[in-house]
Amino acid sequence: MTETTEPLDRVMVIGAHPDDPEFGCAGTVIKWARAGRSITYVLLTSGDKGSRDPGLRPGQLAAMREDEQRAAAEEIGVEQVIFLGYPDGLLENTLDLRRRLCGLLRQHQPHIVMTIDPWRTYQLHPDHRAAGQAALDAIYAAREWYIFPEQLIGDVEPWGVKEAYLFWTGNADYWEDITCCIEARIAALMCHTSQVGENNERLAERIRERSRKTGEEAREKLEEEGYEYAEGFKRFQFR
Amino acid sequence: MTETTEPLDRVMVIGAHPDDPEFGCAGTVIKWARAGRSITYVLLTSGDKGSRDPGLRPGQLAAMREDEQRAAAEEIGVEQVIFLGYPDGLLENTLDLRRRLCGLLRQHQPHIVMTIDPWRTYQLHPDHRAAGQAALDAIYAAREWYIFPEQLIGDVEPWGVKEAYLFWTGNADYWEDITCCIEARIAALMCHTSQVGENNERLAERIRERSRKTGEEAREKLEEEGYEYAEGFKRFQFR
Amino acid sequence: MTETTEPLDRVMVIGAHPDDPEFGCAGTVIKWARAGRSITYVLLTSGDKGSRDPGLRPGQLAAMREDEQRAAAEEIGVEQVIFLGYPDGLLENTLDLRRRLCGLLRQHQPHIVMTIDPWRTYQLHPDHRAAGQAALDAIYAAREWYIFPEQLIGDVEPWGVKEAYLFWTGNADYWEDITCCIEARIAALMCHTSQVGENNERLAERIRERSRKTGEEAREKLEEEGYEYAEGFKRFQFR
Amino acid sequence: MTETTEPLDRVMVIGAHPDDPEFGCAGTVIKWARAGRSITYVLLTSGDKGSRDPGLRPGQLAAMREDEQRAAAEEIGVEQVIFLGYPDGLLENTLDLRRRLCGLLRQHQPHIVMTIDPWRTYQLHPDHRAAGQAALDAIYAAREWYIFPEQLIGDVEPWGVKEAYLFWTGNADYWEDITCCIEARIAALMCHTSQVGENNERLAERIRERSRKTGEEAREKLEEEGYEYAEGFKRFQFR
Amino acid sequence: MTETTEPLDRVMVIGAHPDDPEFGCAGTVIKWARAGRSITYVLLTSGDKGSRDPGLRPGQLAAMREDEQRAAAEEIGVEQVIFLGYPDGLLENTLDLRRRLCGLLRQHQPHIVMTIDPWRTYQLHPDHRAAGQAALDAIYAAREWYIFPEQLIGDVEPWGVKEAYLFWTGNADYWEDITCCIEARIAALMCHTSQVGENNERLAERIRERSRKTGEEAREKLEEEGYEYAEGFKRFQFR
Amino acid sequence: MTETTEPLDRVMVIGAHPDDPEFGCAGTVIKWARAGRSITYVLLTSGDKGSRDPGLRPGQLAAMREDEQRAAAEEIGVEQVIFLGYPDGLLENTLDLRRRLCGLLRQHQPHIVMTIDPWRTYQLHPDHRAAGQAALDAIYAAREWYIFPEQLIGDVEPWGVKEAYLFWTGNADYWEDITCCIEARIAALMCHTSQVGENNERLAERIRERSRKTGEEAREKLEEEGYEYAEGFKRFQFR
């Protein structure tokens, strides 16, 4: 448990592609946004490879997916969506990417970062591993005065993220009850039409099913009531 | 289970060194070859560092090991052996290597890829981690129109591998009964004389022993009969 | 001579550090700004290493130098100053940097790019070589539909820079008469107090001297009058 | 169990920062040093980023931390401390780092290497992952005649490390009873004043507590007596 | 002058894109082919970015350009055309590329290599710099027993290229009289329809013009007759 | 001209291979050593690839060449020879190499650095380009407080090299009269028996010839007498 009484009200979600937040943690995001937290999305790529239609150029697809992501974000109550423009499918956890993310952390000063669990066994998508690892390594770097010191300009200082929540994890130890917003979560996901199609009720049901199962897991682990629908995370609380 | 009824009859085995397939999955390969599947071996290196004799230059050793690998392949019924010529001991999962493998997948169109499990905890050989990870990342890339798009020449199109089998895994969830071909598997391994010596009955017994143990595991997990000797894999079935 | 009659009125100056434009090409920039051209500065670093005072942290110095650069830019009539935040002294011409610059070219659509000549023999500053080369390579990339295609979002299209002017060159083939604005050029340079000190009349005289010499060279080569003070460039005109 | 009867009396501890050995494995080191083993420390960085005081430059901090590390080493009975001078916080497992470590292994010929477990799930410190992985990959390389063959000069030959002990692991399978030297271990850690402060009795108690808990685990797993305080390792014994 | 009397009859032309040989050195190639030399083309990319039509995917363009290159090669009398499949526009002179080229040199054993002069001042195309430099560095590597030693398999031995001819150079010191084959050279170039269009008489005239000018230069420097049309090269003769 | 009156008495020669100093600048080194200057050699590699005998392993050759270099150094009066152990033939000007060299400059504080001219047109040896460029870039870095700041430990401070002399240059602007020591220079070169053979009088004459020619050039440019034998350098004097 953190010792601070400061409210942890700024949240940054770092994903590899548009729709990663909606597939991974949108229920929790909606709930937190409703509770007054300020949410920023950072997407490393604009998902420019995610189509089976060769007639759709990467930039055209990226345009569609940025629009879809902005629509989903608005639906959810996200304040800002930042696209870094890296090429989809080719992400690597380089010092360069880490520096970019570190700079964003120092400027936006999120108390909480949500990202993909890069340690998940058989996380087959190379972008998902790279994005999660780079985000966590950037959190580490952001705290130090002399890592990427050229970023500490004016009132920009080292920034200590207080909590990290990893989604798509095999080691959840924190659960959020999203019963209140399961349908809003699904609606947000449905904004990504290029990826999920129109009126994808089958996907909606799959999300409900999975959230129900996670809810069970939460009730069992936490020995609490409620949690009809839940999302699970591996959580880190930093000193 | 895949929904396709198309037979999955082209198989590509991607290993780091000659003898990786024989140490890792040869029983299954023999069985599948006998069943009519067409097998292609891709070896990233020619194993040029695997000798304690300083008088044997890397290229001389590579020549011997390529010969041994071809002999083993012939014994097993492998149709084609491809050596990529990377230097043994120094493999890295670069975008460059991934592009090479992606190109091979698109040209050969294997339904099934067998490779090393890079997530295995304490997989100490850096080449084994790099080879397995590059192979899996290449499978991901091969499906997309705009990753390495310069490869989609003529009738070469994106290619979706249907199944991946990871050997040297700590998380087997698929077992193949190799009782029929345990001795053929050992004979194939024995072709790698530079690595195993002549008439290495002790190694043969070790292989039998391990396969027997895997067989037990298979019988237990699958609640099936047979499987006196087995090989275990982590399997992925892709949509 | 370009065949287009379209006015070349958007100019991007790409330098490695704050003060590079003022040391390299500010007279021309002032003249062009006065003539109605719109000027954008892109500085790859914020010059965070350029101090002999160990008590000044890189970020503190970067803050001062960004302020100085903005002051100089305002004095000159530059519309926009963009800092990319790379670390001073460690620039490399990577594909990553090239992609960043390519993206800026496509968004800002400058007709003219001014940058450092990376081929200058004995250009000893590694950042100067890297910045100039990356800028020129980005110009090349920006023209193509399928280099960094993920950037071609919405109305962003490939962009063909029309002319490039290299400063700090040993092969000038274009001269601009800056007699009109030699003092304004010096005043702009003097904004970089952290680098040149206060009232550095000696430097001012050095600039006048060098510009006079370049003026002579221009008169000789061009067989023209005027050019009391001039700046020289290696110029490229692209189809 | 190794088949050799040669005493394994040379030990190399490879860490990312000064204090890594004292936090990770110092009890065992003290015990082994007392038993006559010769210990060498290799620290990849000098911990130059580990301060929250922006007025302390990286080199100044590095100087302090090297002194602290030497003091701790002397207290413990370490014979030699080698600092490689890589920048803290930015370590990567490159072939270059691996070559450096491989060269040290071949020159010093340690029978035993102790390093950080890079596979530990949620090992959040990027330097810890890189250091442990590079050390293990260097052990692999050091054995071969034609990996980094330029190092095999004069009487330097390939070197086969016999055992590796990984600390900060989640998979301990070897425990050392450090009851004899728990207080010496704490005293050594206390030498790192810049990191732990003066008279940090709370940390001391935390170390005792953790060692006690590891002792319990050891007694349980080994079904042995003793082990009031213990340290746990993942151990590898190489042929 | 080389001391060997061995005929230098195997020639390898290494270019970055299809059409590089035809733009750069085809007259000489035709003449040498007619004289009985055996010519191999190696193209690092298939020129997949060279189109202003966004509807033409990189692979489609690559297919066209490979066909065009093969047609030109046949017209010229080239025996073999090898495409390495690197992505157009993104070439870098990495050790990996150098190893690939070194392997080809050792297998094909060309006496003569023709490639792009990477030192040409203001060679603005990054691929041209990278291709030429990699080719020359590969020539250096190919001679040594222990650079990329894993390639020296079977009867593959180190290979000493005897002569290198750099085209697109600013420092020609060797000229070939191509009066005999100026029209064949133009015809070969015209095979690259996707790049030069149909019946591009203006380009043909430009080639004639330039070759005439080079012819003058040759006559002057060599004080020889003939050379109505010529191509100029920077030539290296290796011991 | 430098404004300091401090004698420039510490000299560091940075070469890629043993014998580079003797081939490149040994006459000057001998003269300076005799005049009381203290000379340090830094060799990035130990020349492990420089043999046509495949039976000589890289490390064996490196051992011989280090011995030869030490013998030559002793003959010349060099105080210290440092071998960095990079692999011959594969040098690249990475930040890592630059950091190593920067650290050496800061520790040894040479007033003068002699190295290879990396800008020489058609410097075909990749190691020679990389070594010279890395050395010059390291000189730049060594002056700054916050480039590689982790090196500024204890009394190690930024170090400003005062003069750089580039050998193997096409732009000599400084000549040293080595008439006094032409034979000593040749004797030193002859220490590199593995490279030049025994009693290589032909090479000796070649050195004399070249030095004579450089002497002529010096007399002409400097309008001075003497300089029967000379060495030429591109010289930089830093503020």
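List of remarks:
Residue numbering begins at 1 within each chain, and the chains themselves are lettered A, B, C, D, E and F in the order written.
FYI, contacts are C-beta pairs under 8 Å (C-beta built on N, C-alpha and C of every residue); 3 or more make two chains touch, one makes a residue touch a chain.
Just so you know, these numbers come straight off a predicted model, no measurement behind them.
Taking the options D-F, A-C or E-F in turn, the interface that duplicates C-F in more than half of its contact pairs by residue number is E-F.
Comparing the contact residues of subunit A and subunit C by number shows a mostly shared set, over half of all numbers used being common to the two copies.
Distance from subunit C peaks, on a Cα-centroid basis, for B.
Looking at which of A-D and B-E shares more C-beta pairs in contact, the answer is the pair B-E. When every chain is reduced to the mean of its CA atoms, the largest separation from subunit A belongs to F. As a whole-number value, the distance joining the C-alpha centres of subunit C and subunit E reads 36 Å.
If you average the Cα atoms of subunit B and of subunit C, the two centres end up 54 Å apart. Averaged Cα coordinates give subunit B a centre that lies 50 Å from the centre of subunit F. The residues of subunit F that reach two or more other chains are 48, 54, 57-58, 145-146, 149, listed in rising order.
Residues 48-54, 57-58, 89-90, 92, 121-122, 124-126 of subunit B touch subunit D in their complex.
On subunit A, the positions that touch subunit D within their shared complex are 95, 119, 136-137, 140-141, 144-147, 171, 234, 236. Residue ranges of subunit E in contact with subunit B, taken from their complex: 45-46, 48, 57-60, 62-63, 66, 85-88, 94, 96, 99, 103, 145, 148-154, 156.
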